[in-house]
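Two complexes are shown next, each including chain A; its partner changes from chain B in the first to chain C in the second.
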Partner chain A sequence: MALLDRSDWYDIARDTNWSPGFVSRDDMFPAELSDPYGIPEAEWETFDEPYKVSYREYVKVQREKDSSAYSVKAALSRSKFHDEADEGWAAVLKLHYGAVALTEYQASQFQARMVRFGPSPSMRNMATYGMLDELRHAQLQLFFPHELLPRDRQYDWAHEAAHTKNWAILGGRHAMDDIMMCRDAVTGAVMVSFAFETGLTNLQMVGLSTDAANMGDFTFANLITSIQSDEARHAQLGSPAIEIMIKNGKKKEAQLAVDVAFWRMWRLFAITVGIPMDYYIPLEQRHMSFKEFMHEWIIRQYDRQVRDLGLETPWYWDLLKDDIENHHHCQQGGIWSWRPTVWWNPPGAVGPREREWLEEKYPGWNDSFGTYWDVITDNLLNDREEKTHPECIPIICNMCQIPISNRPGPAWKARVLQLEHDGRRYNFCTEPCRWIFTTDPERYKHHESIVDRMYSGEIDPPTLDNVLTYMGIGVVSEGGRDGHDYSWVDGFRNQAAE
Partner chain B sequence: MSAFPILSRFQFDCHVKVVEAEPAQDMDALAAACAYHSIGLHVADQPGKILRIRPTTDGDDAEPWPRNMTVGEAGLKHYECIDIYFTDPGAA
Partner chain C sequence: MSGSDDARRNSVGPVLRAGEVADAVVEAMQQDNPGKEFVIENRIAYVRVETEGECFIRQETLSEALGRPITMPEVEVNLTSFAGRIETTDTYMRFYLEKTL
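Right, the complex of A and B next:
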C-alpha cells in the first residue's frame, strides 16, 4: 500500500488537539505544571519545532541506532582496551556514568511532564520522542558500565550514585531538581531543552565522542554519538517555547529561566567536562583545551542563539568568561586533594610537561595554580604523602554545592559571598549563585549543603569515617586515589636528579 | 558556648576551609589552627612571618584583630569568614 508523504499529513496529525468537555482546560493543564505565564491556548498552537519526525520514522531510526551501539559494544567486548587504558580515561568514564546515567532517567520523567502538561499539542508530540530518547540513554548508560563491574567496583556508581548523598551528587541533584524535576512544562523546556541541552550538552557530546575516539574507546565514542543525535533533535523543544513567551510579553521570565539554568549547569559542566579535557585525558590525546572548546563551541554559538531568539546576553557573561579560566582548575585541585570522597581515581596529572601545556593554554597558570601544586609536589617528592590529605573540609556553596574556591597564589581570589535570610547565613561561591538564590529564596532556603549537615546533626558525629559513609564511600565502592599512583611526580624527580 | 565553624580564607590558598573555633581561643591560636589546614598542604610556609587575622571584606583592607583578643571577644559567629594573612614581624 502506498504511503502518503509525511508532509501531506504531518501538521494536522501533530497539531490535533481537543477541547475538554468534562473538565475545564485549567483543571487539565494546571498552571503550576503546565504554563504559569497565562499564555493563551491559541498562541501555544503556533508552536513549531524546527525538527520534524513521525513515529514510524522515529522507531526505524532509533532501532538502527540501538543496533549500532550494542553491536559495536559486543564486537569490542573482548578487546583488551580497558586492560590497557590509562586510568585517567577510566576516571572520565566513571565520572561520566555516575553523574549521567540516572540523570537521563530523570530527564525522561521531565519529558513525560511535557508530554502530559505541555500546553501545545506539537510540544506534547515532540516530547513523546524526547521521553523515549532519555529512557534509551538511561538504559544504555546503565548497561554499558555494568560489564566493567567485575574489573572495578567504582563502575557501580553508574547505578548507585543517584541514590547516595555524595557531595558531588548533591550538587547534580540540587541543580537538576531545580531546572528539571520541579518546574512546569514550559519553564522546564526553556531551562533544559534550550539552556542546558542546546547551550551545553549537545555540543559537549561532539567533543566527548572525539576524545573517546582519540583514546581508542570506540564503544564509548559510538555510544555518545548515538545519544548526541537524539539530543540534537529533542533539544529543539526550547526555542519555540521562548519565541512564544517573548511574543506574549514574557521576555523577562524567559530571560530569567535561561540565565538561571545556564549558570547552574555551567558550574557542573566545568567539572564533568573541563577537568577531563585538561587533566584526565593524557597529554598526547588531548585535542583541544577546555577553554578553546568553550570559546569555539559554546560562548560564541550560545550567545548568538540567545540574541537570535530576542533575548539578551546573560548579565554574568564576563564572570562566565573568567570562570572558564578558573573554576575547573580550582576543582581539579579540590577533587584531587579530597580524592577519598569521590568514586573515581583522579590523576593529579601536573608533571612538568603537563604544566607546560597548561601554561601555554592558560597563561599565568604556573603563577597561580602552580603554587598550589608546588606544595603538593614537594610533599610527594619528600615522602610526605599524608600531607596531601587535608584534615578539614572546604566550605560548600549553598547554590551549586561545589567547594568555594578561586585562584590561589598571589592573585588570591578565593572568597565567600554571604547572605543572611530568615536568620540563617548562606555561603555562595560567585555572584550568579548568590543572585539565583535571591530570585526565589523560598525555593532554595531549606536545602542544606553537606557541610551544613555536619553541623545540623544529620551526620552525627561528623567524623571523617561517618562523613565518608554518609556519602556512600566504602558502601558502594572504595573512594578515589591518585589515578596514576603519583607517577606524574617522576618528571620532577628526574629533573632534580639531572 | 562550644566550638563552632568559621570560614578560613587563608592567604594564597585556593579553597575557603571550615575550621572549628573556640570562644576562648586567642587570635594567634586561631591563626595556628587555620594554618594547620593550609600551610604545607596547599600554601607554602613563609618562615619568620607572623600570621594575623582580620574580618573578610571586599577590599581586603580591614584592620586585624589584636593577637591576644579571643574569638569570643571579637564576636565571631557561626560561619564567620575571616582572612588569615602573613605579615612581617615589624608590622605585627
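Right, the complex of A and C next:
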C-alpha cells in the first residue's frame, strides 16, 4: 500500500486549532499560563517546528529506543562491571540518578503545560511527544538504578532525593521550580526547550557518555545518549517560540528568559557533570576535561545557536568563562569537606598524578586549589582525619543555593554579593545570581536557603545531627564518606618515603 | 582553545551515538556533500560530524551506506544532538545556520 509522504498531510494532522464557542480564547488560554506577551493568535499559527515527527513514527522510533536501552541493560546485567568498578564511578551514578531521575517527571509536567496552554497548535502537538519523552526518561532512570539497590542503599536516592530537603536538592528544586514548574508555556519553551535542552543537558547526557564508555559502563552510556536523542527533537520547540517573540517585538523578553535559565542551569550542571568529569572518573578513563567539553558544547555549539536565532550572547559570558575555571573546583572542595551531607561517597581523588592532570588542564590549579588540598593531605598523612571536617557553616547563595566560594591561593577571593530587599539581606555567589534576583524579587524573596532555615528555627536546634536528619541523611541512607577511604593520599606517602 | 572555537564558529552537523548508523552517516555525508571538508571527532560513545555552514543526510545514500533501508525518522534513534539548526523531511535532514559569522 502506498503511503502519502508525511509532508502531504502533516500540517492538517498537526493544526488542531478550533474556535472556542462556550468560552473566550482568553479564558481557554489565560495569559499567565499561556502567552503573557500578548502576541496575536495568527502569529502563533506561523509556529513551525523544525524537527518534525508524526505519532505513528514517534511510537515506532521510541519503541526501538526503549528496546535498545533495555536489551543492553539486560545483556550486561550479568557482567561483573559494578563489582569491579571504581567507587568514583558509583559516585557519578548516585549523583546523576538522585539529581536527575525525578526531575524528569517535573519536565513531563512542564511539557504537559505546553500541551494544554501552548498558544500554537503545532507547539501543543510537539509538546505531547515531549511529555511522553520525559515520562520515559523518569521511568528509565528509576528502573536502572533499582537493580543496584541491593548492592548499596545510597542508590535509593534515585527515587528519594527529590522528596528530601537535602541542600543539593533544595538547589535543584529552586532552579527547576523557577524555570519549569512556575512559568507560562511560552517562557517555559524559551527557558527549558531552548536554553536548557539545547545547552547543558548535552553535557550531562552526551559528554558524560564518553567517560561512561571509557569506564566500560555501556549500559549507562547507551541510556543517556538515548535520552538525549529525545531531547534533541523536543528541544526544537524553543527556537520557533524565540523567532516569533523577536518578530513581535519581544526580543528583550526572550533574551531575559534565555539568560536567566542558562545561568541557573549552569550553576547546577557544573556540579553534576563538572565534578564527575574532573575528579570522580578515575584518571585513566578521563577522555577530556570538563572545560574542554564546555568549549565543545556550550562556548562553540550553544552560543552559536543563540546568535543564529537573532539573540545576543548572554551579558555574563566572560563571567561564565571565568566560572568554568573555578566553580566546580570550589564545589569539589566543599562537597568533599561536607561529605556527610551528600548521598554519594565523593572521592577526594587529588593524588600526585591527578594533580598533574589538573594542572595541565587548568594551569595554576596547584598554586590555587592545590593549596586547599595541601592542608587536607597534610592532615590525612598525619592522622588528623577529624580536622578534614569543617566546623563552620557555609554561606549559601540565595539564588543557586550553593555555598559561596572562590579560588583559593595567595589572595582569598571569596566575596559575598549582598542585596537588601524589603528589610531582608540576601547573599549571592556571583553577579548573575544577584542579577536574576533583581529581575523579579517578588518571585524569589520568600525562599529560605538551608542555612536560613538553621537561623530561622525551622531546624531546631541546628546541631549537625539535626541538620543531617532534616536533609534525609541517616533516614534514606547513610551520608557520604571519602569514596576511596583516603587511598589517594598514598601517593604522597610514597613520595615522602622516597 | 578559544582559537579553535573561533575557527569553527560556523560549524554544523549531527552528533551521533557511536555505531553502525554513525559510520554509515559519515560515509553518506561525504558523498552527499561534495566539496565539503568534514571534521569528524570520535568521542568513543558519540561521533561529532561537522562542516562549514550547511550539510545534508539523504535517505537513499544513507540506506546504501548502511546496507539496509532506513527512514529519516529512524535516524533519530541515533541522532543524540546536533550543531546548528535542523530541517527534517521524508527524504533528507539538513543542518545549517542562517547567519554566517
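Definition applied: the second predicted complex is superposed on the first by the 493 of 498 C-alpha atoms of A that agree within 3 Å, B and C clash if a C-alpha of one lies under 4 Å from a C-alpha of the other, contacts with A are read in each partner's own complex, and residues count from 1 in each chain.
Here, contacts are C-beta pairs under 8 Å (C-beta built on N, C-alpha and C of every residue); 3 or more make two chains touch, one makes a residue touch a chain.
None of these values were measured; they are calculated from a predicted model.
Asks: Thinking of the overlay built on chain A, is A:337 touched by chain B (first), by chain C (second), by both, or by neither?
Replies: first
Asks: After lining up the shared chain so the two structures overlap, which partner does A:388 touch, if you call chain B first and chain C second: first, second, both or neither?
Replies: first
Asks: Just chain B (first), just chain C (second), both, or neither: which does A:498 touch?
Replies: Neither partner.
Asks: Under the stated touch criterion, which partner chain does A:83 make contact with: chain B (first), chain C (second), both, or neither?
Replies: It touches nothing on chain B or chain C.
Asks: In the overlay, answer first, second, both or neither for which of chain B and chain C A:50 touches.
Replies: In the superposition, A:50 touches chain C alone.
Asks: Between chain B and chain C, pick out the one touching the greater number of residues of chain A.
Replies: C
Asks: Quick one: is A:372 in contact with chain B, with chain C, with both, or with neither? Answer first, second, both or neither.
Replies: A:372 contacts chain B only, not chain C.
Asks: Which part of chain A faces chain B closely enough to touch in the complex?
Replies: It is residues 330, 333-334, 337, 369, 371-372, 374-376, 379, 387-388, 390-395, 403-410, 412, 414-416, 418, 425, 427, 451, 455 of chain A that touch chain B.
Asks: State the interface residues of chain B toward chain A in the complex, per the touch definition above.
Replies: Residues of chain B touching chain A: 4-5, 7, 9, 11-19, 36-37, 40-44, 56, 77-79, 81.
Asks: Going by the contact rule set out above, which residues of chain A touch chain C in the complex?
Replies: Going through chain A, the ones touching chain C are 5-7, 50-54, 57, 60-61, 64-65, 68, 202, 205-206, 209-210, 212-214, 221-222, 225-226, 228-229, 231-233, 236, 239, 287-288, 291-292, 295-296, 299-301, 304-305, 307-308.
Asks: Quick one: which bits of chain C touch chain A in the complex? Just the residue numbers, please.
Replies: 1-2, 5, 8-11, 15, 17-18, 43-46, 48, 71, 73-74, 76-90, 97-99, 101
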